[in-house]
Amino acid sequence: MSSEAKKPQAHSTMPNNKPLFWNDPEKRALFFQALLILAVGGAIWIIVDNTLANLEQRGITTGFDFLSKPAGFGILQSLIEYNEQESYGRTFIVGLLNTLLVSGIGIALATLLGFVIGVARLSHNWLISRLALVYIEIFRNIPLLLQIFFWYFAVLRALPNAKQSLSIGESVFLNIRGLYIPSPVFEAGSSIILIALITGVIASFFVSRWAHKRQDDTGQIFPTTWVNLGLIVGLPVIAFFISGSPVSLEYPELKGFNFRGGITVIPEFLALLVALSIYTAAFIAEIVRSGIQSVHHGQTEAAHALGLPHGRTLKLVIIPQAMRVIIPPLTSQYLNLTKNSSLATAIGYPDLVSVFAGTTLNQTGQAVEIIFITMAVYLLISLLISVFMNWYNKRMSLVER
Amino acid sequence: ATLDTVKERGYLQCGVSTGLPGFSNPDDKGNWQGLDVDVCRAVAAAALGDASKVKYVPLNAKERFTALQSGEIDMLSRNTTWTLTRDTTLGLNFTGVSYYDGQGFMVSKKLGVSSALELDGATVCIQAGTTTELNLADYFRQNNMTYQPVVFDTSDQTVQGFEAGRCDVLTSDQSQLYALRIKLADPSSAMVLPEVISKEPLGPSVRQGDDQWFNLVKWSLFAAVTAEEMGLTSANVDQMKNSDNPDVKRFTGAEGDFGKALGVNNDWAYQIVKQVGNYGEIFERNVGANTPLGIARGLNALWSKGGLQYAPPMR
Amino acid sequence: MSSENYMVQLKNVNKWYGNFHVLKNVNLNVKKGERIVICGPSGSGKSTTIRCINRLEEHHQGEIIVNGITLNNDLKNIESIRRDVGMVFQHFNLFPHLTVLENCCLAPIWVKKVPRREAEATAMRYLEKVKIPDQAKKFPGQLSGGQQQRVAIARALCMNPDVMLFDEPTSALDPEMVKEVLDTMISLAETGMTMLCVTHEMGFAKSVADRVIFMDGGQIVEENEPNEFFNNPQNERTQLFLSQILNH
Amino acid sequence: MSSENYMVQLKNVNKWYGNFHVLKNVNLNVKKGERIVICGPSGSGKSTTIRCINRLEEHHQGEIIVNGITLNNDLKNIESIRRDVGMVFQHFNLFPHLTVLENCCLAPIWVKKVPRREAEATAMRYLEKVKIPDQAKKFPGQLSGGQQQRVAIARALCMNPDVMLFDEPTSALDPEMVKEVLDTMISLAETGMTMLCVTHEMGFAKSVADRVIFMDGGQIVEENEPNEFFNNPQNERTQLFLSQILNH
Amino acid sequence: MEKFKPLPSLPAPVKTTGIIGWLRTNLFSSPLNSVMSLILGYIVLSLLIPAINWAFVKADWFGTSRDACTSGGACWVFITSRFSQFIYGFYPETEYWRVDTTFVVLAASLAWLMINHLPWKKWVSIFAVFVFPFVAYVLLHGGHFGLMEVETHRWGGFMLTLVIAVVGIAAALPLGILLALGRRSQMPVIKSFCVVFIEVWRGVPLITVLFMASVMLPLFVPQDITFDKLLRALIGITLFQSAYMAEVVRGGLQAIPKGQYEAADALGLSYWRSMSMIILPQALKMMIPGIVNTFIALFKDTSLVLIIGLFDLLAIVQAALTDPKWLGFSTEGYVFVALMFWVFCFGMSRYSQHLERKLHTGHKR
């Protein structure tokens, strides 16, 4: 008998004493799906129709022309060049970049803090593990909005005004207006530093590969991390001095009401960042803890019995296995953090919701278009994060099977 | 039409500010008070004969136009500046001016500043989505000064930010500056600078496309001003009703049929004065010299007394 | 013999999982009251065959006729076939949130629309038959594996099926419990129930089966009455299989 | 015999879990190349004894000397002892995220700093010894229990230990697989490796052990060479235990 | 023959038991650990003592105005004198009993369902699901049966927080179940609709949803249809939560072994019968921890309604903070709100952890 027989298309050869329409599951399925399409399509049509009618009747302008009109209002923090004459489209970009900035740094900080707390939670030192527990239980059970208010208003109250700034070596200042740090000013010849930096990065890549190979060949373990750190930091520093310090720092200086010059980190940003990171870190810590605990204790014992020291055991045996458990819930925390950054509007950090779905919406009155754009952007960011994390997860789990 | 909807519903939905002393503010029982609130009540008195039939919808600056556009509220009475853009592209119609205002600055006395022109480089606390934001930008640009805007959602937060020292200056309509100043722990520590950098005619607005409702809201406000011009107050209106003055007779609905023309009872104006008072009473009760805000009539005095409040003749 | 006398009939049945051909031209006729044992190596398609009979799996070619009804896409047909066919699974699949009695009454009440009182009486009768009437109020989690499997048998019987299918009913049980379940099945066989049973319990096959069917690679390799089958297997594949199983 | 000739020496070892006294004055001397089987009822402290030897557990009193090194809190000591002592667990504890070969190479590369190529060659040699060189590229999850345990043995051997500890290496296995693991252990014993093995496989004890140790209640009750131990136990407790085990 | 004489069990050496043993293993097991313990201990104490001082030792508790605060610590007078406003919002004082009754009945029926071994669970749950919502609506809103009407814009404070959270979760659950079933459906259109629906709601921030519900919804419907503002917020929150709920339900459904589906099929039960009688009852039980966690998240998120002008607990405390008579007590106010939220969330998260453990062991059997 031939096992090569191919699967037939559908049920061509099925005996067909045709069942009643209603009793054929396939037709029934088709019917339900058609019904759903009709219902959803109808609902959308009704909504669109109503909206258009309502907009029309109330004489509200529609369309996206407003994006190119001049905005006319100022924004506190902008990563790109922005002034009042720029367009509403530009305010969208400014808001979006601010959102991305705070979410990006927030994700990094929350991950770092979360891992530290999660590991501390498992510490054998009773005090450390209890403190980690207290941290987790406090911060994840209080509404984020409240925490943002706390960090903003309570901390603002605690900081001195501009004239009595806390300062480090007359170059870094902290006061109620924010954190002021010197900004680098690149002069002629400073490109050599950039080149050195790039060289350092490339070199460290090759060092890693060489160290790996050498270990394979000779068994010697090379302190790659430290050497690479040295290369990436050291090379530019050497270049800096050799080329005669072509980069000068612009120090913040108190002029009039405020510090001028340097880089300013506004307190709205700091408060939002701190609140988001601390809040999310509490959740990440729990995820990390349960991830590590999901790795069977026998794994640690086996590694120890083989003579692997504690650090290597963590790095080579425990973490790789824990990551598989950690990544999926971690992804949803990243998504939450990004979405939660929209609470910025409560304390006046100029993020997308505050600038675009706030001021711009109000000046133009085009709620439908603006809210639609805003939601679509958040959706897109969420999707991108998910896609990236899924890819990473797949890579991690590929190692296993 | 909106008027029919309101009558059918039995109450007026009026958009007000989330909390601005003297203009709209809930007291600790949750009852709303203030000049803007009284405008709502006047319209309710005219439309329904009962000034208390109002449901207040507190809105922040960002939500207000969307709420009106969408029909969430019947009218907006929330210290909103009348501008050309708003009248045209937002689909609103302003019905009049309930308060003539101008934008000013409030600074801490400690700062030692006496003129707005000394504010170069200042950090400014401001409310999101207001004409204030635009005026501020224009003013600083025009005078070649720089500034940093710190933008808050509600006036409360703006004051808190100012009080905490987050910014050097708080800018807003002058009326609001007085109102906000009394929210400070120590009101005497702050002062309002003399400069007025813009015209801010504040008034109620309605959706476009419903002229009947537009007329009613417009004339409710005019009625209050007219009452002041005629010397009618809530205390004396019952008595004056019986006078022979044809103007008063028409006003109170004893003669003529203005009410019918507006689609409401003929005693609509009488009800406004009786239940809410004339414009002067409203002003003095909420923001006048004897209130914590202590604002002088100034521009808001009747035209006959050197101000700008001027109602077209009711005839 | 005319096809009306067959309880279950498979004619040239073919089935694929994706591109994997699991059942290859399977033909099988089971008379009323016949007791069939199906055996064969793992992955040979025994479970699939059984599960096609009450349409837990769909077949792609050929015809399956159960109790005179041809299996096709018609939901009515599927429903009525499932009423006529009882099934017992390897892992019992009792409903853990219902008591033993509720497990047994559920289908009679909701599918056959029997009054509750009557359904409970029937259920008790069958629970007595499988010798656990005293456990009626307990939850499955509180019973041993053997008891659970007997409940599963009683549950299937409560629908008064014409055919019973068993898919390795004893293979998830501890050795001590196998016997009590086999005893139940033997007593069931004695009542004249039509049975198809996938099992590797050769003792059971010898004592009750009318026919033993050996499958491999998705096809029926050999079928015979038990004595012949065990003592005189015709096919070399069968021989090999039996030698492994009997030595084990 | 001077203590230098002992591979493992326990002198008056005591250990507590909280207030529970698990090891009571345990004394044990194991010569180079000796093969010891430890048996005893559950909870008698067999695993604990074994695990104290490579310091997976800390002992509280007495002295443990392995290959001339006295176990104490010194991390360097612990590390070097663990290099000398291989251990095989009941549940294999293979690293599921690494292939069989990587499992075997991990410790040689990171602990002994052996070049990868060399480590892999050694690993392959031992995998051949345990008869699964062809599985080298697979992941542990894809192997049967018996194969996994053999990988675990090969993994321990890759460190070239002087002593091997086994903690019930066959008790988690299906009966068919026990034999393949025991065979591996027997062939390992034949190479002269020092072995301490907790097991209840009496056949194994009889055929390879130099000495059988019986523990109960945290103490060594009896120790003897296998023949004597099984046929002529001295202690009544041992007798009882043996009668239970052999009947089983 | 020798007789087996067990050696006496000796007490463990002091250094491994008792307080010393505990300290040694838990705080000072290595030099590094000891240093860390000491430093951390110092930091904790130096933070804790002033905090306790402020909150308890030097605090003032009772009075009617800010003059009662004389001790220099926390001025809880602010909270105690406005407590009923914080709890009931602008609800008329004479009608407080209606709110109390509603929540007592709710708490009682939930407790009844949660405590094991209580009889009539079925009836209680039918009451809770089908009768209670109407009772609650009539009690809280009034306007019928001689009860005074209290419109929703007078609802506020903690009561509003609870209403939003409870209604949100209760309404999201059935929707979530439908979505989850849809997502597991074989029918591609239904499946993709559910997937898109779930992912869209999960991908956008709640405050944009609330904004849309609070001011934009009337744009989407014909002009003569109006909704209550609270109702609209509730619709927005429900849709938002249902997407999260759907994922919880999906997890529960996936935890049901395939055999259960097959057994139900083999008995001839129809799809909806087997779902409602076999699968969902089992899955719901496993979902309870997930539902509780979703509830906690929702409970915390209710504080966002302040952005759309509803006076929940946080908003009403903030409003009180701007009262010129009570300026400067924001710390007390925020601490109070934080504590209220914390107590509830912490309690519930403990409950869900307890359940999770129970279910876990229950399944090992």
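The chains carry the letters A, B, C, D and E, assigned in the order they are written, with residues numbered from 1 in each.
One rule holds for everything that comes next: a residue touches a chain if its C-beta (ideal position, glycine included) is under 8 Å from a C-beta of that chain, and two chains touch if they have at least 3 such contacts.
Chain by chain, the UniProt names read as follows: A, E = Amino acid ABC transporter permease; C, D = ABC transporter ATP-binding protein.
These figures come from a predicted structure and were not determined experimentally.
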- Could you tell me which chains are in contact with chain A and with chain E alike? B, C, D
- Task: Give the chains in contact with both chain A and chain D, ordered by label.
- Result: E
- Task: On C-alpha atoms only, rotate chain C onto chain D and read off the angle in steps of 5 degrees.
- Result: 160
- Note on the structure: Farthest chain from chain A by C-alpha centroid distance is chain C
- Message: If I average the CA coordinates per chain, which chain comes out farthest from chain E?
- Response: D
- Task: Determine the chain that sits nearest the middle of the structure, using the mean of its CA atoms as its centre.
- Result: E
- Starting from the mean Cα coordinates of chain D and chain E, work out the distance between those two points in Å. 52
- Would you mind pulling out the distance in Å between where the CA atoms of chain C average out and where those of chain D do? 47
- Between chain A and chain B, centroid-to-centroid distance (C-alpha), Å: 43
- Note on the structure: The positions of chain D in contact with two or more other chains are none
- Task: Please list all residues of chain E that touch 2 or more other chains.
- Result: 211, 215-216, 218-219, 223, 307
- Mind pulling the residue numbers of chain B that touch at least two other chains? 66, 69-71, 153
- Task: By the touch definition up top, name every chain pair that qualifies.
- Result: A-B, A-C, A-D, A-E, B-E, C-E, D-E
- Message: Show me the residue ranges of chain E that touch chain A in the complex, using the header's touch definition.
- Response: 25-27, 29, 33, 36-37, 40-41, 44, 186-190, 193, 199-200, 202-208, 211-212, 215-216, 218-223, 296, 300-304, 306-307, 314, 330-331, 334, 337-338, 341-342, 345-346, 349
- Note on the structure: Contacts from chain D onto chain A in the complex sit at residues 54, 56, 75, 79, 82-83, 85-87, 89, 91, 93-97, 106-107, 109-119, 139, 141, 155-156, 159
- Query: For the complex, which residues does chain A have touching chain B?
  - Reply: 54-55, 57-61, 72-76, 84, 153, 156-157, 161, 176-177, 255-258, 260, 267-268, 345-348, 350, 354, 358-359, 361-365, 367
- Over in the complex, which chain B residues touch chain E? Could you list them? 5, 9, 18-19, 26, 28-30, 55-60, 63, 66-67, 69-72, 153, 156, 159, 182-185, 292
- Message: List the residues on chain A that touch chain C in their complex, please.
- Response: 1, 3, 5-8, 11, 13-17, 19-20, 23-26, 28
